[in-house]
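You will see two complexes here that share chain A, one where it goes with chain B and one where it goes with chain C.
Let's turn to the complex of A and B:
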């Protein structure tokens, strides 16, 4: 017997009723009496000394009330703030600007337009300084030192390595075949359609600060604000209302948020700051920017042996990566992927440059896309070298299903997987063998068609408290459930949806666990005054961690409910079983109590000596991460005249373990695939030698539209996580992680007979045309 | 228009101007700065916040509304240009308490996730279906190519529009719904 809206049902989303009516409440929709607007003066230079800032003209602009500069903040010890990676970041500069579009001063005014007028009237005189754009040149001995405030006089932020250096080197030497490829994964921006912003309100009577804020992690933000500002934590309330997409870009604390708080304290009025799209793309945290060299060693018949990866990571002027504290390169050491390498070694150097801070996710769990792209790209390079079919090479080497839990060469324990089944399924759906025949025929006719595979393994659901923390806060998450006397439920969580549909998914988990209709359950998150503490939503951690907390909290409630049911049925608790979503006397299904009956009794007729009420809270500390996986196959046709790549078909077989809502999961995969297509073919934020951003607006930073995006074909296999209470693994990011390699592999495959082994993403028509032109084809 | 002539007109008008705009069938009158964008007039002057702002270069389409029935990016025209005209926003799609078929389609086919692009995407879709009641997939994709969605990958948005087309005009071979 199923419960309405339980696990596995494609329930329509609770969120949609307000969104389709235009009744969502996003931060920019908040309007408070007396509210002022804040706008920001930004640097035209990538590196410059500030000679002076003169706000006289700005203060004369009608409606302008205040101009805030770095010197004002310095007096309050707020010119700098800590980053999540124990570095520091300027709120406003006192001496130097470090990247183009950096915040230089803030203007507070009575209206949005007056604030913008004020920004145009702030006079700043700069003295340009030498600019360091290329992280490899940044490490050269004569490079200007960008951060003289640091102890180490080098642009190297840190060196991180894992695995066995010597043993890997020895293993590579002993391999019959070694391939090596340089791979650049460019700087990209999440560009959620809602930009970042906040409304800060300070009540001077109660001393309470309330912030409506575009944040994916409201509780952690509250703690950080308390530590930085000195305000008592119970007098800070962070409300993360409806969020218009996050993808990792709404994890960091940006200077604008802090400036709005300062302005609210200074003026006594609520202050709104909403960034423009150009500010969002040019100054908010970036993703990727990894310069990778990967080597893979194998026997001549294609048995994988060893992997070595060296990476230069461009972090911009400060290390503000949104990573768990102990993982400076995130979970990049998932780079062994779906394969049982005997030996592996990875080293990463983090580097400062004159760019905005990098190191956020772009819909991926801490550098997992960089890792998956590297391994899946290099596997294809090896297949090409060996003259083997890339599907065959993968099939030959996958970690076999019976080897799970599997300890990887770089130390992760993969929970479960069946990689061969997923690839076989994708090959069957797309008719892989048929496509290879077609490709051979087309090649004879001089037509360019390619088939690309990506059989990725993800690592999500951070994370176990022994190793996972952010600024010391352990990466558990939480759920608090209250069942009202009439059997209706309110549940609150430490996470925060940005479009993933938590209000629905979480309610479905509770429906299943409590035997209460999904319609009778409200799931809430995002208000730190009401929700239990949690680390927020990113890295596909909501269902793996907070979803597990929901199941655990519901089971705690069931434990108590069983005692109440026994009392009502006048039997021993041992005589009861939880079956068909109610407590039944074993063997007598007619004698049963539903959770509704029990809830009423919990407030009206509970056993003497028992506490009244029916509620529970769970803080779930996952015993391990989860390892979703999948196999994607992409077919491309290339226009020989223009170099344009057209995705003809894309089949995605995903395995995220137990699925709570198939409709939502499929939607997550569609979206993830599109954010995988984006960097593969379209998106890149490039800088010229002077540090000028190229692609700082939607005019030139190309998000996929409905025209470039193919009709994604999806399918699934189901391999539950053995350690998650529901078997769920998380799915929001899998497709973004897996898709880029499938697309790049397809394009390279189309050109492989011309001797092409690698093309850096984004694979633009210009790049392809240049290759075709060099080969005498275009 | 020559620049001098434009300046002269601006001086005639002054920094503020009174505009009359009918929004979702209801007349509104307000004195606004001449430079006020229509989207700010809609969101801030009259307080209908369902129309969103997602960029500053007319690329994302989150602010799409219907101006005299035509889809327009309201971040790119001034409130004064809407003077004396009719605007329809997402708040005007519900009639007699019933959702518009496009709204239904977005729910039924899971055509939205974060909801931020959704109002603009739906207004473009409404305009498409008024002009072309039974569009092909290709025509739908072209029609919404000025509206960016970062969450859904568009597949379900296309299905949502097809759902609405079917609802409005009935399945091929069937009668009108």
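Let's turn to the complex of A and C:
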């Protein structure tokens, strides 16, 4: 017997009932009596000393009530705040601005328009200082020191390395073939449709601060607010209502949030701050910006032996990434990918520049996109060098299914995988061999067609408390389940959906575990006054961690329910079994009690000596991470005259272990593939020599629309995680991680017969045309 | 951004010099709405409503004559700010006269910061070319017509 909406069923998303009707409640929908509006003065300079800030004209603007400057905050010891990586960042500067569009002052007014007029009337005099936008130049000995408060001699934030340096060098020297490629993965922005914002309300009677804010991690944010402000944590309530996309960009604490709180305290009124689009894309945390040099060594017949990767990570003026504390370069050491390298070594240097904070994940579990792109790109470079088919090289080297759990050369223990099966499936769907024949014929005719493969391994579900924490907060997550007397369920979680469908996915897990229809289960999250503590939603951790907590909490309830069922059936608990989503007397299926029967009894007829009620809480500490994987194949055609790349077909075979809701997973993959296409062909945030952002609007920062998005063909294999209670692995980010390399590999493959081995993303028509022009083709 | 050019006008050098070094006279060559206040012989300030494409607003500016070799060469620095933007211009003009014509060789090192430089970057060169051409054409009309 199946339960309605249990695991594996494509039930419609519960949350869509309000979303498709336009009845979601986002932060900007919050309107409180007497609410004021905050707008921010931002720096035109990327690096400058502030000579003075004069707010006299601004205060004369009708409706303007206050102007807040860094000196005001300094008096309250709030001019600086900690980042999630134990660096510090300015709320407002007192002496220097460090990047263009940095917050310089805040204006509080009776209307949004008055606040904007007030911003235009704040006079700030700057003294420009030398600007450093290139992290490699930032490490040169004569570079201006940008953060003397952290390091007086260098702009290096940290050096991090893992693996065997000497042994890898020796192994590379002994290899028949070594390829080396410089890869730049540019700075990009999550560009979620909803920008960041908040409403801060301080009740002076109760002394309680309530914040409605766009955050992916409300509980951690509350703790940070308590530590920074000195307000007692129980007097802070963070409510994260519906969120219009987060993708990692809504994990950090931005100055606007703090300024809204300060303004609320200062004025005694609720204060709303909502970024406009340009503020969001110019000043909020960025992703990627990795300068990578990768080397692979192999035998002449294509057996992989050693991998060495050196990286410069541009973090902007502060390290405000949301990585786990012990992993300053995130989980970049998953860069060995799907291959059993005998030796490997990775080193990363984090660097300060005059840019906004960088290093957030952007729909990948802590630098995994950078890692997957690197290894999958360089595998193709090696295949080209060896004259081997890229699929053959991969098949020859995959970690075999029987080797799992597999410990990589860089220390991770992969839980499960069957990489060859995923690639074979993708090759069969797309007719790989047929495509290669077609390509050969087209080359003879001078046509440009390419086939690209990406066989990536993800690493998600952070994470085990022994090694994973953010600011000391262990990365468990939680679920609290209560079954009401009539068998209906309320469940609350420490995570926060930004569109992933948690209300449905979590309800399905509980439906399966409790034998209660998904329609009778409500899943809530995002309110620190009601939900159990958790570390939030990012890095594809919700199903691996909070989903597991749901299963564990449900199983705790089942343990108690079994005792009640035994009481009701007048048998020993040992005589009962959980079968067909109810407790049955072994061998007598007609004698059974459903969870609804048991729930009613838990409040009306429970055994003497037992506590009434039917509820449980679980804080799940995962024993290991989970390792979803997939194989993608992309086919492109290139217009020789314009350099335009057209994706003809794209087959994505994903394996995320046990699938809770196939429809939601497919939706996640479609979205992720489009977000993988974006950096491959379109997106880049570039800065000019003065630190002016050259992609600060959607006119310059190109997101894919329906016009650019091809038809995605999806398929799956299923290799459950052996340590997850449900076998689930997480999927939210897999497609974004795997897609860029498949597309880049396809473009390079189309041009490989011309001697092209690499093109940095985004691969724009201009870059391709220049190559074709140099080769005498365009 | 480094800009330079040559401008020839049928006008005596003294007259051209007086025009380019007198902000009140120069005012007629600027199409955008503006104000000019002479602080002293070498320092001026004012406002100008300008921008790139739809990014338009009022900038406050100040200018200083840093070097002055009468009728031959001058170096002028201008700083302006507004609209979340700032600009600094370090410019030189050199004049020579032959056959009743004055040739003005000009060069400017322009540093733009903020909204105009980031949001308007793609349109900047065209806007600068257009405004520069209009400025010198207006100057020619004034010098040759007066």
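In this section, the second predicted complex is superposed on the first by the 776 of 778 C-alpha atoms of A that agree within 3 Å, B and C clash if a C-alpha of one lies under 4 Å from a C-alpha of the other, contacts with A are read in each partner's own complex, and residues count from 1 in each chain.
Quick note on the criterion: a residue touches a chain if its C-beta (ideal position, glycine included) is under 8 Å from a C-beta of that chain, and two chains touch if they have at least 3 such contacts.
Being a predicted model, the structure only gives us computed values, none of them experimental.
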Exercise for review: Sticking to the clash and touch definitions up top, decide whether chain B and chain C on chain A clash or fit.
Suggested key: fit
Practice item. May I ask you to decide whether A:650 touches chain B, chain C, both, or neither, giving the answer as first, second, both or neither? Key: neither
Review point. In the superposed arrangement, which partner chain does A:498 touch: chain B (first), chain C (second), both, or neither?
Key: first
Review point. Is A:697 contacted by the first partner chain B, the second partner chain C, both or neither?
Key: both
Point to revise | Partner touching more residues of chain A, whether chain B or chain C | key: B
Check your understanding: Who does A:126 touch here: chain B (first), chain C (second), both, or neither?
Key -> second
Practice item. Determine, under the contact definition given at the top, whether A:583 touches first (chain B), second (chain C), both, or neither. Key: neither
Check your understanding: Just chain B (first), just chain C (second), both, or neither: which does A:46 touch?
Key -> second
Practice item. Classify the contacts of A:278 with the two partner chains as first (chain B alone), second (chain C alone), both, or neither. Key: both
Exercise for review: Pick one for A:225: touches chain B only (first), chain C only (second), both, or neither.
Suggested key: neither
Practice item. Check the residue A:339 against both partner chains and state whether it touches chain B (first), chain C (second), both, or neither. Key: neither
Exercise for review: State the minimum pairwise Cα distance, in Å, between chain B and chain C in the overlaid complexes.
Suggested key: 10
Review point. Do chain B and chain C land on any of the same chain A residues, and which?
Key: 278, 697, 699
**Study point:** chain B contact footprint on chain A (complex, rising order)
**Key:** 12-13, 15-26, 28-29, 31, 112-113, 190-195, 242-245, 247, 276-278, 498-501, 663-664, 666-668, 670-675, 697-699, 703, 705-707, 709, 711-712
Check your understanding: Mind pulling up the chain C residues that touch chain A in the complex?
Key -> 57, 81-86, 88, 111-115, 117-119, 121-122
Study note, to complete from the structure: Given the complex, residues on chain A that touch chain C span 42-46, 100, 120, 124, 126, 128, 278, 282, 688, 690-694, 696-697, 699-700
Check your understanding: Contact residues on chain B for chain A in the complex?
Key -> 33, 35-36, 40, 43-44, 47-57, 59-60, 62, 89-91, 93-94, 99, 103, 106-108, 110, 112-119, 122, 137, 140-142, 144-158
